[in-house]
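Listed after this line are the structures, all set down as structure tokens.
In the two complexes below, chain A is the common chain; its partner is chain B in one and chain C in the other.
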Partner chain A sequence: MQTLSTALIQVLGSVFNLTGPGHYINWGFIQLSVANLIVIILMVIVFFAAILIPFRRHGGDDR
Partner chain B sequence: MSAATHTKKVRRFNPDRDVKEWHGKYLPYDLVKEGIIAVVVVSLLTVGLTVLFGSPDDTPVTVKSWSTANPVDFVQTAITELDGSSGTASYGPPYNATAGASPSILGVSPASFFGVHHPIDTANDFVIAPLKTLPSDPKVQAAISEYNAATPQQQAAWTTAYEKAVANATYTNGTLKVPAGDYGPVGTMMASLASMARSGALDGALMSSRQFYGTDYTKPLMLIADGTYLADLGHAQHLSGDQWGMMNETGNYPGQAWLWLYTMWYQVPPFKTSANADLQVWGLMMVLTLLLALVPFIPGLRSIPRWTRLYRLIWRQHYRDLAAGSASSGRSPPTASSVPPASVST
Partner chain C sequence: MTIDTDLPSNVAADRPEDADQLTAKLRHAAVAALPPERLMPDRQPAYVASWIYVFGILTMSALAVVILTGIVLSIFGPLWWHVSSTGHFVNSLHLWSVELMFFAMVIHLWGKFFMAAWRGRRRATWITGIVAFVLSVGTAFTGYLSQQNFDSQWISTQAKDGINSTGAGAVFNVLNFGQMLMWHIVLLPLIVGVIVAIHVLMVRLRGVVPPFAPPGEPVTSTEPVTIGAATEGDES
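And now, the complex of A and B:
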């Protein structure tokens, strides 16, 4: 039973363990974690992608 | 009666308020299909990211873990609960009625309006009542009786003496050693409370509630927060408000970065140094939220999308097609209101 639960934890557990001492960036009075900075960069990328990726062209079923 | 009187006044066309009637073609748009795709993509992302990164799993801080890791800090905090000088004891509503403790904005104090609806008497709730759950220890019960029977002046003299002595307390070999002093029964009470805390019994005593399932952690949390242990842990994880502009998480997990606007104000004056920052920031965010909700009705603010012409970047293919069509037919170039509407099919 113990082996089964251990195996389950290994299967379902995270591949990348983010628990541990955090990493931080200091720019003058601005201090933020690397994790938050990555999320912000991803959000900016998604924002510009939403604007710049062209819409799918419609076929000939215009009304 | 002049002819002008009979002429119906025509309201001038305002591109921020009025819409031209569309005479062009309509495009089909399957809203349900897009919704289903969005739900599926977000679900896959959620499950995938959960498997890849998991979630924060820090060991919870309890009264037991606190008093085990730093018993002296626990006792130094406990004596302030007994003498009523702790942060919780002077917090004000909703825990007690400390005068002037409630934050206010423009003369309005919401906390005072709702009053004391979760009363906490720190001496009784955090110290005396938990100790009373140890009926098998006559020494402790005698100490409680002696303390309760004493005058407020005598109680204050004991707690003051103990507070001075406990500043130099040590904890060695499982025993709390407090320098001798004239603190009457308080020494026995504090030593017993420390033992109770280290055994985990105090966590249970503070959680006792009328609910079948105990979910009200207010009392243990307030007691722990009065000490320095939890604050030190938070500070070590950069969670004591020194990170700029957003909510944060433990370890290398990201926080709720999209809340940056709410928490940014805590980093800038005058909120940064205000003792009333919570209410001021809340009030400011309510004003900004109201402004956002009322954008269509605010002249100038509602014109920004038309001035910035960002819509032409999003619908650039449409405008290219229109420009190509008008060039070949010799018609005038497209206007801001010439984006084709979609007919939603469900």
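And now, the complex of A and C:
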């Protein structure tokens, strides 16, 4: 278990290198970190998915 | 309240001669406003069958995890959450449940904004939701200040100028760790809890707002339906 978690940390660490300063996007006076931008994009995707993906309904009538 | 020495404990309420008592009046008013079937309904209108309606309860579920992990963190203290593996784990649960709570809360807010969820005498529901959102931002902010690490030092020194420019720094000193910790673990959770409880009670009282009528179809009522008067096809 310890070996598995260590290996997982190494794999994730190679994909997401968090050593060093963060990345930022500048647009006029607006400064936005790439991490926050990714979260905002994910929220927009989940918002539209929640509207478009059908919801499985239970029961026979509407109430 | 009348003292009755012969009264069995299971018939302490709803005697006709006690109708003028404050407890009887409060109880009747509470039950009339929120009868049990409205407080904990078994069914919802057909339009609630959409994933967009899931994000309110997802926000509250994440809030429950935030509170539970916060209680554990407050029991064991900063040394534990900074040094031990279990402390790191609970600390991470506290952080990531906050992240999930805000993620779900923002989608809930977007959904309700585009539904114009304040329609049909639901303004109090909308306003309590907005107040809960703003207070949650403040609670998260004081949480970052309470971490007791370089991150919290950096955030507090950056935030002090912003707070001081508003004049609030005179009573809300972000460099005062003890004050920020008390705001984070006592005052703000208490206020957020009360506001969220009122928000949920307002949802139960007024019901979930019906969607807009499709183009060309007659506009349906957005008014909340009175319990007992609902018929098939009503929106509540």
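Here are some notes:
In the analysis below, the second predicted complex is superposed on the first by the 41 of 63 C-alpha atoms of A that agree within 3 Å, B and C clash if a C-alpha of one lies under 4 Å from a C-alpha of the other, contacts with A are read in each partner's own complex, and residues count from 1 in each chain.
By definition in this document, a contact is a pair of C-beta atoms (placed from the backbone, for glycine too) under 8 Å apart; a residue touches a chain by one contact, two chains touch by 3 or more.
Keep in mind the model is a prediction, meaning the values are calculated, not measured.
Ranking chain B and chain C by residues of chain A touched puts B first.
After overlaying the two complexes on the shared chain, residue contacts for A:39 are found with chain B and with chain C alike. Once the two complexes are laid over each other on the shared chain, residue contacts for A:49 go to chain C alone; chain B is not touched. Judged by the touch definition given at the top, the superposed model places A:21 against chain B, while chain C stays out of reach. Annotation: chain A residues 39, 43, 51, 55, 57, 61-63 touch chain B in one complex and chain C in the other. Here chain B touches chain A in the complex through residues 25-28, 50-58, 237-238, 242-246, 248-255, 257-258, 260, 267, 310, 313-314, 316-317, 343, going by the rule given at the top. Per the touch definition, chain A reaches chain C in the complex via residues 39, 42-43, 46-47, 49-51, 53, 55, 57, 59, 61-63.
Interface of chain C with chain A (complex): residues 43-46, 49-52, 54-55, 103, 106-107, 110-111, 230, 232. Within the complex formed with chain B, the chain A residues making contact are 12-24, 29-36, 38-40, 43, 51-52, 54-55, 57-58, 61-63.
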